[in-house]
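These are the structures, in structure tokens.
Note that chain A is present in both complexes that follow, paired respectively with chain B and with chain C.
Coming up: the complex of A and B.
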């Protein structure tokens, strides 16, 4: 919240930084910050000044459009993701750094969050049996990348009707995640909608790896083995979360659709050539 | 049962209101709960089943002569069976249909190579979901018009579970012998059609045999359609 930790990238951008800081100071909200999820303290983040202090503070829902007019940093070739992380989990009125930080920093922060979520969900770790801890810091970028990558991999390996294959795969995965979550909710389970979407998306990572291997090497036996292994891995990753969300007498009812979705995606990977 | 998130985790995203409301009692025709059409808790009453109950209903759908399905589901009709059996059937038809087509062509012409036709998925989804949703609605409205008392949810439940036979039959339909495939589908079709027709007859108070026969033939027509289109 001061000039000392804002490094001007270019001498002429100093005045822009001043301008931005003035704008933010002028409209700063005084709503106190509330709970912060279990994340190591990150650099104090700017909030895009909004008029009302609504509960949307906390969410990682589709972010507002980036204030591109304010950001004079040199643009990066890759499409800069909107600074979703700049919706302050630490409250309004903190340093406006993330508005002026290099896009690479924002991207790096999101990427590291994806990697840490991935490690929590898909790889063995001591928190596995406690789903409450498993994905406190959920995000939807990871699942988005995994679903699109899987669709692309399937589309590349198809020899005909490529776009239809992509459409089917994407629709199956995206709608499937939503429907699976609704299924658990309807069975009387206790989960948070977006956390579950996020988790089901992360559990697609092993199938992504399998699809990549199958894309590169086109042997049926190998495909069957690779897909079976990645299917087992995905199911193992999703199991504790899903089974603990519902009444134990309904566990199979909640798990079967997950299994069905992964089997159908696995079949698509094997069958598409 | 673990409830999460733990309270200090903070609500992320839209969250969802805690399911405080128990099932809404045994109303005759529960269309919506009192909480409105967009709230999850008004639909949980249709999913109030445990694993063993679902398995029980699945097994009883395989006995065409029973005629007592409606009394089994009367207190607690569920839509879980409808949704997931029809989804399983869509996947089976698309997957095994491709395999069976390949095997059949290989049988007659050993130079064919495997090709996956993704339009099978679209066709299977359209036909199975369309049938499973529209036919019970049509029967419901017809029976209401003719004065008989009908319950849409129970009809959906019945037709949903009646598709389970086709799920099992599609495993057998992989065998690339034409004669055997016809035998399998005729047996499965008749079993399923008898199941629907006999249960419908025991449910409707009036003597509406035309409806019963129509239900029988519709189910049989679905069986023939499955055979002809997916397992040629």
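Coming up: the complex of A and C.
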């Protein structure tokens, strides 16, 4: 477990991996793999069956952590594989895999999750009809990048008071997302706080694109057209999730503020000069 | 928890410890020194928040795993409810964790949050709302990590106790069974 100071990170975690693997091989008698039912909306990921025999290791269903790693379990249990060095891709199943995997794998997993969430939310796909499942693996990194990007784009376009513009844009978007979520919750809707924040953040992607285009080309008519298109796109993206979360009679009450917020961001984009 | 690092051991994962500390220190240093050198609030905001976010990610995904063997996350189960999940190494591995590593991990976590709170108080006194925004974001990230890892550690301790009592119970029953079979 202890190494000299010259050992780089990856090999030290590799040796941790090997040690822990040996430990587990020694202590685990049988290795039945517990398996999750496969979820249709999830993109293909590193599949790792999970060992449930040890009481310590979380025999759970590899879940998607908030800005953290993720793994999916296949619907067919794999035979217990030989201890291998590439943990995340191998079939050796036990919870320490997420604890002892190489750092690069975590990064890749998070990045791929951002991309898949973006595709699910913003682009047409067959899972939009079941919104509860679609953003199951919510994460807040995507929204964070999109909000900062939008703030930067607005700030760049502004010729004066750049700092105020950025601060106002960031605060408006962040507070707006929180307030919209609270609105849905207070209307008696069933939505999970972070999932909704994540969704509203991802729905900012079209406005990001619009702001980028407006940044590059400073024609008012073009700006109006681009902003209207991206506004419609954002609202279309947010609609299924928001409307399914509340009582059908209160759909408009939940959707109207979302639309209002996007309209105000759109005005900010147009009006900045 | 003592104020001095446990003696007699070296850091087992020096590079991880370094990364654990470096982003926190960089975010705090940049924020404090930037007022002297940088005019633009946007740059201060973006760089500080970016460093804080990187630090959050590193602590949560890398140094938490490697230095103390803990990991926490949230997932949404099939019923649509949000569930917090905690994961920890088993007892032997936890016991083998380097004491100095875990000392460093917890202390820097708490110190960084305390530093942000102090800076927040300064900002409040000076009535600078926009700097308060930056500090708010960084503080939220630090506190999220602290809460998550503390809960995870408690969960791990609970599991160890459960395991110990289970083992004792099963050993007692098997001893009794073998005693009866002999008789």
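FYI, the second predicted complex is superposed on the first by the 167 of 273 C-alpha atoms of A that agree within 3 Å, B and C clash if a C-alpha of one lies under 4 Å from a C-alpha of the other, contacts with A are read in each partner's own complex, and residues count from 1 in each chain.
We adopt the following convention: a residue touches a chain if its C-beta (ideal position, glycine included) is under 8 Å from a C-beta of that chain, and two chains touch if they have at least 3 such contacts.
Since the structure is predicted, the reported quantities are computational estimates derived from the model, not experimental observations.
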Is A:138 touching the first partner chain B, the second partner chain C, both, or neither of them? both
Let me test your reading of the model: by the given contact rule, A:190 touches which partner, first (chain B), second (chain C), both or neither? both
Looking at A:163, would you say it contacts chain B, chain C, both, or neither? Reply first, second, both or neither. second
Quick check on my understanding: which residues of chain A belong to both its chain B contact set and its chain C contact set? 55, 58, 60-61, 132, 136, 138, 164, 190, 192-195
Residue numbers on chain A that touch chain B, as the complex places them: 34-38, 55, 58-61, 130-132, 136, 138, 158-161, 164-165, 168, 182-183, 185-188, 190-195, 244-253, 256-257, 260, 263-264, 267, 271-273
So in the complex, which bits of chain A are touching chain C? 1-3, 5, 7-9, 12-13, 16, 19-20, 23-24, 27, 54-58, 60-61, 63-69, 95-96, 98-100, 103, 106, 110, 132, 136-138, 141, 144, 148, 151-152, 155, 162-164, 166-167, 170-171, 190, 192-195
In the complex, the residues of chain B that touch chain A are 1-6, 8-16, 18-19, 40, 43-44, 46-52, 54, 80, 83-84, 87-88, 91, 95, 98, 114-119, 121-122
Counting only contacts in the complex, chain C reaches chain A at residues 9-16, 19, 40-42, 45-46, 49-50, 53, 56-57, 60-62, 65-66, 69, 71-76, 80-83, 85-93, 96-98, 130, 133, 156, 159-160, 162-163, 166
